[in-house]
Structure formats: structure tokens, C-alpha cells
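Structure, as C-alpha cells:
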Amino acid sequence: MAKYGFIGSGLMGNPMAMNLIKAGHQLTVYNRDAAKCKNLVEAGATQVSTPLEVVAAADVTYCMVSDPEAAMAVCFSPHGVIQGVGSGKGYVDMSTVDPQTAEKIGISIQARGGEYLEAPVSGTVQPARDGQLVIMAAGDESLMKRAQAGFDAMGKKTVFLGEIGAASSMKLTVNMMMGSMITALSEGLTLAEASGLKGEDLLDILAAGALACPMFQGKGSAMLANNFTANFPLKHLQKDLRLAVQLGDHHRVPLANAAVSNEVAKRACQIGLENDDMCAIVQALRPPQA
Amino acid sequence: MAKYGFIGSGLMGNPMAMNLIKAGHQLTVYNRDAAKCKNLVEAGATQVSTPLEVVAAADVTYCMVSDPEAAMAVCFSPHGVIQGVGSGKGYVDMSTVDPQTAEKIGISIQARGGEYLEAPVSGTVQPARDGQLVIMAAGDESLMKRAQAGFDAMGKKTVFLGEIGAASSMKLTVNMMMGSMITALSEGLTLAEASGLKGEDLLDILAAGALACPMFQGKGSAMLANNFTANFPLKHLQKDLRLAVQLGDHHRVPLANAAVSNEVAKRACQIGLENDDMCAIVQALRPPQA
Amino acid sequence: MAKYGFIGSGLMGNPMAMNLIKAGHQLTVYNRDAAKCKNLVEAGATQVSTPLEVVAAADVTYCMVSDPEAAMAVCFSPHGVIQGVGSGKGYVDMSTVDPQTAEKIGISIQARGGEYLEAPVSGTVQPARDGQLVIMAAGDESLMKRAQAGFDAMGKKTVFLGEIGAASSMKLTVNMMMGSMITALSEGLTLAEASGLKGEDLLDILAAGALACPMFQGKGSAMLANNFTANFPLKHLQKDLRLAVQLGDHHRVPLANAAVSNEVAKRACQIGLENDDMCAIVQALRPPQA
Amino acid sequence: MAKYGFIGSGLMGNPMAMNLIKAGHQLTVYNRDAAKCKNLVEAGATQVSTPLEVVAAADVTYCMVSDPEAAMAVCFSPHGVIQGVGSGKGYVDMSTVDPQTAEKIGISIQARGGEYLEAPVSGTVQPARDGQLVIMAAGDESLMKRAQAGFDAMGKKTVFLGEIGAASSMKLTVNMMMGSMITALSEGLTLAEASGLKGEDLLDILAAGALACPMFQGKGSAMLANNFTANFPLKHLQKDLRLAVQLGDHHRVPLANAAVSNEVAKRACQIGLENDDMCAIVQALRPPQA
């Protein structure tokens, strides 16, 4: 088995790394806040104190951090990934970034003789724990062979999409639709409530028809219960909507639905909900509490 | 078995009426364009030439026409439904109307001693043929007993929601979400195409995750194939979005996502697509053909 | 001089009627809340207790009420305008209504031998007091001769636009732009404040350039002073935005900017500001007070 | 008189530089496309071949290029501005950039002992020719003394706004409102045309009321005449809307009106109008030509 590395042990990275360990992979880990690697070490991982050391120890290093700025820092900071990359090294960045960031990182990795895949995922904390993520990969197809075992431990499905930029574009497109859909769900529930209907009846009817999807059931129930414990923080959804609108800008595609959903998400952040789950977006539409 | 009547033999009404006949009900039918009842007569229905005659012959009359104006005309025109209503008569209007129209019709029916249910449906032509509609009913709960056999022949699920207005409000809420979702799907596919991705890959990834729903698969494939043959005409979706935005107006609920989806739908109608299927909305976003 | 009548003595109607009296016209007045005619009677008007009596006493009757429902009631209720209309009577409805309402009223007036003009205005309370309204008229051009003296007392400019419906369409178009512009101003001021800039500097810079308009100075200053005393209530602006979006619907014109401005206005109404001045719309964008 | 320099001789920069020459300033000029400096040289300017040489020759150098990328290149490229900055040198960047870019440039200038002002302008080509721009300045207040003479030659009004970032934030706020307003104007004219009204009547009525502004008259007339010759290219307006929406993102201010206006502008670019004047945005709303 290849020696794997994992950078980033947050809400998503921690359970993803754990699945690599459970699948029997020798794993070297790093996280800025070192305490978050404790359970991984207890399960058998080796902890180091810089991204560089991870890359030095591993054949293929996976990374899962929260946004483009963090992904760039992990790669290019002193003692960053780029310092340890050379022939034979593979780097798989699974963070959600914009295509331009994926390109900057990927080109630098390749320039130093390494192989690179951008591989963002669809799915949040529970699918991450269950190893049921959907993985969208692009970049060096030759790295897919060595990385696939790791993908199989972390996910239920991997799709290879082509050249660097394709996977981040796809991820942003999917999350853009998620942002529009959770805004639509918020509008549906708020309108139902205001019309004297029961939100449970709306979810029931949705579940029986062509619009039935797992997200409506899960997030809809959370909204009805006012349960906003963060699975996927609203500020990350809003970041994805922003990046998607920018991608549309880049390709001259008008995205009015995504653009207004982005503004509703900003309003929800403005009123203090940015660290709550993305389903807290409904609070931007409900009348303020008396 | 109760004697049933059916007014309206269009895209939806015809297969719904056919299911009543197949279930063994004695059926009296009427349609403005008489030729559209031909297959129903061949299957055993009795055709008459006014709504009034339908109500006279039936214990419970169902109606399925295209919009509030048509529903009002069927009820209140000379030789309309209201002329034949009295004690013992039941009227079930399954057309999609705004709550105010449902109220006008229902109150008039009740004033003449009849029983009334508004019972719009979720589902389009194929579910109508297959007897797999989702039926949302409200009004005189006492009429549910006599109408349920008809509902069971036409649908897979009936939900009773309360007083007149509740079912049309629920229907508009569901169709509002459908309008927002098909706009989101259009944005996703157009952005994917512009980014050099394959639309099929997007649909694949959607199908594997929390956003997976039958509509994305069906309408997404149709969009990729440029197949806009009307199942649910775009002009009807746009009408539903308009009525939903007005309902939000009535209840002071801001619906930015639905409001812009409505404007995108109007743009698609403006460029000539209003009689195409609702999935033709994607053409308002794609670059014009060279 | 022609004998004039005036129906509606609210925020706008009262000063408009006063200008007719000051110009020397013999005026018969009516208002649902009779107390609001007190100052007009003191200035020389004759007060009556039904719209019918106004029309009976006057050659040309002007009406200024708040919305389509009120305009219809004034015309068609028992003892309404329509009862008193016949050959030689002129009716000039200056209320802001949708074109379909203008048509219903106008056609009924004409059917009874009367002449009709729809004549909505641009301008709020201060221009009403100063006789500086902009009047948009349409309908029976022959009535313009007898009505012009009244228009000259109430306004600074009259434009005759054509057939019934043209003036209400024009009024809605203008007020739609006003709704979009006051939303844009709200966004500008809120963004400036959040960026650490002074709102006064923004208004200063606007006043010096191509975007300089009286509304920005007036409403902008009111927003900075948190002065929301109603000149033009927000609920009326929202009604106009709603009617404009519907007019766009009727003509298949996509109006995304107006549609979202309408939703922002609804949000402001939802949080309790509907009886405040339209400039209170900025509160829907500012962060909630601590 | 101070020795001035001017970098950028495009649509805006050329007439601005010409006004400095006409006011009697000794001017050193540079433009990437050298031919565009011809008229300036004929009027007495000295042409050089790099930004560095401009800064070397001048006490205060003004720059006017088209976007953040160009502004960064002028400053940081080999033989760029930064190479020539030291104690006593002043740099005034009048390009429209986002606040982060202004900060990067300004901090670098200051780090080398120079003084810096960001000074974007309001107004397009004609006001540039007439020396009637509105100038928004921020940064080193001490540089205002030496730069003011240049500002007075180029503009009618200068406002000093504070620390670096304040002027670019203000400029983006103003241009965001311009984008929303020209979208509102497009909606107004398109709705008027579709309702059978004359666009000239709408412009007439606007000019008489509280919404009267120079932009409506100028751009409105151009739209009616289908005259889209570029004064301010649509692609620049769309860039400004994009940067404004991002600034709102940064400060958590929801900007729904600006966001949808941005999408309408993108649609207009998508259909081929990005090099036309910003008033070509109306073509995204008008029905396609038969």
C-alpha cells in the first residue's frame, strides 16, 4: 500500500483521514491546530508539524482545508507542500477552491516534477464519516491509479473530469445549485408557514413527487425544528455561491438565481448566522421574532 | 359507485378522466373543444355539451382546466357549473388556481348547498396517465368520502390540508419551488457547458448526492438533448411563479429566488418558447445560436 | 368656469383639491372619512356624503384615492360615481391603478355617455401642495379641454398619452423605476456605511455627477437622518412595484431589477415598516440594531 | 509648477492628460500603445517608453488605466512605477480598482518612501474632455497639495475621503448605483415600448420629476436611437458591478439589486455587446429582432 499523507483535520478532513486509516493505510497527518489530530494519532497515524513533513513522508498527500486562501497557504507558505514536492510525489487537493487557485497550485506542483489532482467532494459531515462522498477529480490522470485506493476509502463514487480546473468548476456548479435549492426550500417553508400551512405537509408532498431529494428532507426537517447546528456552515455556502457567480462572470453566463441566493445568504450572515448550518438561511426570510 | 363527472379534457384532464373510467366509474364528460373527448367516449363515457349538464348528471364532478380564468368561466358562465349545484352535489376543482379564485368558486358552490373541494395536483402528463399524481385537497372534509375513490384512481397520495385556500396555496408553493429548481438546473447546465464540462457528468454527480431528484434526471436529460416537447408548458410554469409571487405579496413574504426565476421564465416566453416544455427555460441562459 | 368635483381627501387628494379651490373653481367634495374635508369646506368647497352627489353637482369630477380597489369602489358601489354619469359628465380618475382597472372604469363611464380620463400623477405630497405635479392623461381627448384648467391648478406639466391604459401603464413604469432607484440608493448608502465611508460624501458625489436627481438628495438625506415620516408610504411603493411586475408579465417583458426591488420592499413591509415612508426600505438592508 | 507625469492614454486618460497640458503643466507621458500619445506630444508632452521613466521625470505621476490587472502591471512590472519611487515622488492612481488592489499598490509606494493617492473619477469621456470630472481621493493627505493643481485641471470637484481604500470603495459604490440605474432605465423603456407607449414620453416625464438626472436623458436618448457607440464600454460597467458585489460580500451587505443588474449586464456581454456602450444593456431586455 502506498504511504499516504493528510493535511487538514477539520469538520470534513478529520473523518476523511480516519477512513484512510481504517482502510489500512499508513497515514502521516498535519493540522494547524495540532489538537485536532489526536483521534487520528490514537488510531495509528503519525503526526508532524508542517505540511512539508507530510509530503516528505508520503507518496500521495491529500489535503482538505476550508477555502482558497487556506489551500494556497498550505501549498506555498514556508515549510509548505511545494517545498517537498519532486518526482514521484503526488498531491491531491480536495478543498473547494476556484479554478484559478487550483491552476496556480497544480501548475506549481507539476513544475517541480510532482503529479497533481484537484479532487473536491460533494457531501458533508455524515457522508464524510460514512465514506460516502462523491469525488470529482481532474488533473494528472496518471495520479488516479495511486490515489484511487484513498478515494475508495473516502467515497462512494469518483468521476474523472479532465484538465485542472474541471473539478473545481464542477464542484462550484453543484454547490451553486445547492445554494439555490436551499434558498428555494427556505422560500417554500416560509411561504407555507405564512399561508397557515404546516411545513411538515409541504415536506411530505415534496417527498412524494418529482422534486424529492435527500437535502429537502434533511435540511427541511432541521429548519422546522429550528435546529441550526452546523454541518456545513452558512459562510462556506456563501463562499461557494460567490465563487460560482465569479465563474459565471468568467464565462459570461448570467446566473440570476444563484446571484440572488448569494445575496440572501449574505443577509443571513449579516444578521449573525454565518457559523450556523447553511439551513439557517431560512431565518433571513422568516419574520423577525417578536 | 357514485356517478362522476369530469370537465376539461386537455393534456392533464384527459388521462385523469380515463383513469376514472378504467376504475369502473360511470363518467359524464365535457370539454370546450368537443373532439378532445373522443377517446373517453370510446372508453364508455357520456359526453354532454355544457358544464351544467355534467353537474346535473353526476353526484361528484371533477374539473381540470388550465388557469384561474378558465376555472371561473367553467363555474360562472351561462350553463356553467354553478347553475346545476344544489344539495347533494359535490364539486372538486383540480385546476391550479390562486387561493382567491378557489375561495370565490368554493363559497358560491357552498352557498347553493353543494360541497366543494379544491384539489390541485403535483405531477405532469406521465404521472397523470399512470394514476400517480399527488393530490392536495382542502375545503369540505365531508366531500372527501365521496371523492376519495376518484382520487385513488387518479393519484398515489392524497393529503387533506384544511380550509379552502390551503390546497391552492400549497400547490403554488410546490410549483414555485419547481420553478426555482428548474432555473437552478438551467444555470448549472449552462455554467457547466460554458466551463468546458459535460452536462452528463453534472447530472451524474447530482444523481449520486443529496440533490438527487427525479426532475433533475428527467428535465436535465431533455435539456441536454434539446428536447423541448411540451409535458408542462413553460407558460403554465410562469403563471404559477407569478401566482406564487403574488401569494408571497399577500402574506408579506420576500421571495427573491422565485421572483427572479419568474423573470427568467418571462424572458424565455418573450423569445418564443412559451408553448414548449418548461425545460426550454434553459434557452434563455444559453448563448444565442450562431 | 366649469363646476368641478373632487373625490378623495387623503395625503394627496386634499392638497390637490385645495389647489382647485385656490384657483377659483367652485368645488364639491367627498371623502369616506368626512372629517378630512374640513379644511376644504373652510376654504369654500361644498361637502356631500356620496360620490354620486359629487358627480351630480359637477361638470368634471376628479378622483384621487389610494389603489385599484378603492377606485373601483368609488365608481361602482351603491351611490357610486357610475350612478351619476351621463351625457355631459366628465370623470378624471387620478388614482394610481393598473391598466385593467382603468379600462373597467373608463369603459363603464363611456357606456353611460360620459367622458373619461385616467390621469395619474408623478410627485408626492410637497409637489401636490405646490401645484407642481406631473400629470399623465389618457382616454377621451375631448375631455382634456374641460379638465385642463384643473390640471393647470394642480400640476406643472400635463402629457396626453393616448388610449385608456396608456397613462396607468406610464405611471406604473415611472414608479417601477422609482422603486428600483430607491433600492439602489439604499444599497449605495448601506455599502458606504459598511465600508467606513460617510453617507453625506456619497450624496455629495452623486449630486455632482450624471446620477444627480432630486430624489437622491431628498430621500438620501432622510435615510441618513433615520427620518421615515411618511410622504409616500412604503406599502404604496410596494403595490406599484407589484403592479409593474404584473404589467411586465402581461407584455412578456423580463424585469429582474424591479422584481427584486419588489421583494426587498416586501421584506421591509414584513419587518413592520409598511406605513413608514418609502425610504424606510433602507432598513431592510442595514444590519439589525444591536 | 510641479512636473507631472501621466500613464495611460486611452479613452479617458488621453483627454485627462490633455487638460494637464492645457493648464500649463510640463507633462511626461507613457502608453502601452505608443501611437495613442501622438496628440499629447504634439501639444507639448514628452513621451517615454516605460512607466519607470515617467516616474523618474515627474514629481507627481498620474495613472489612468482600465482595470485592476492593468493598474498592478503598470506598478509592479519590470520597468514599472515601483522601480522609480522614492522620497519626494508622488503617485496618483486614478484607475477604477477594487480596494484590495489600491491597498497593494499604495502600501508598496509608501514602503519605498513615496506618497500615494488613489483617485478614481466619476464621469466619462465628455466630462473628461471638458475637465468636469468628479474626483474621489484617499491615501496620503499630504500629497493632495501637490496633486490638487492637476485635479483642478481635470475635474470640477475633488473630495478627500480618508485612508487608502475609501476612494475605490466610494467609486465602486457610485458605479454600482449607475449599473442599477441604467438597468432600471432599460426596464422602463422596454416596458413602455411593449405597452405601446413612446419612449420619448417616458424620458419627458422623467425629466420633469424627482427622478430627473443627466444620465437618463443622455443614455435614454441613445437607447431610443439604438446608438451604442462606446462612451463607457459595457464590459467596464459589468466589471464595476462585479467588484461592487464583491465589496458587499466583504462587508456582508446584501445587494440584490446590484447583483441582478450584474447578471443582466453579463447577459448583454454574452450576446456580443461587451464593447458597445453601457446603454446597450437594454438589448438584453428587448425582444430579439425578427
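For reference, chains read A, B, C and D in written order, and residue numbers begin at 1 within each chain.
Here, a residue touches a chain if its C-beta (ideal position, glycine included) is under 8 Å from a C-beta of that chain, and two chains touch if they have at least 3 such contacts.
This structure is a prediction, so every number in the text was calculated from the model and none was measured.
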item: Shared interface numbering between chain D and chain C [over half = same, under half = different]; value: same
item: Most distant chain from chain B, judged by the mean position of its C-alpha atoms; value: D
item: Cα-centroid distance, chain B relative to chain D, in whole angstrom; value: 52
item: For chain C paired with chain D, centre-to-centre distance based on mean C-alpha positions, whole Å; value: 38
item: Approximate Å spacing (C-alpha centroids) for the pair chain A, chain B; value: 38
item: Overlap residues in chain B, where contacts from two or more other chains coincide; value: 248, 252-256, 259-260, 263-264, 270, 287
item: Chain contact graph, described as a line, ring, star, complete graph or other shape; value: complete
item: Complex interface listing, chain B residues touching chain A; value: 99, 122-124, 134, 136, 156-157, 159, 161-162, 165-166, 169-170, 173-174, 176-178, 180-181, 183-185, 187-188, 190-192, 194-197, 201-202, 204-206, 208-215, 218, 244, 247-248, 251-261, 263-264, 285, 287
item: Touch list for chain D against partner chain B, complex; value: 256, 260, 270-271, 287-288
item: In the complex, chain C residues that touch chain B; value: 238, 242, 245-246, 248-249, 252-256, 259-260, 262-264, 266-267, 269-270, 274
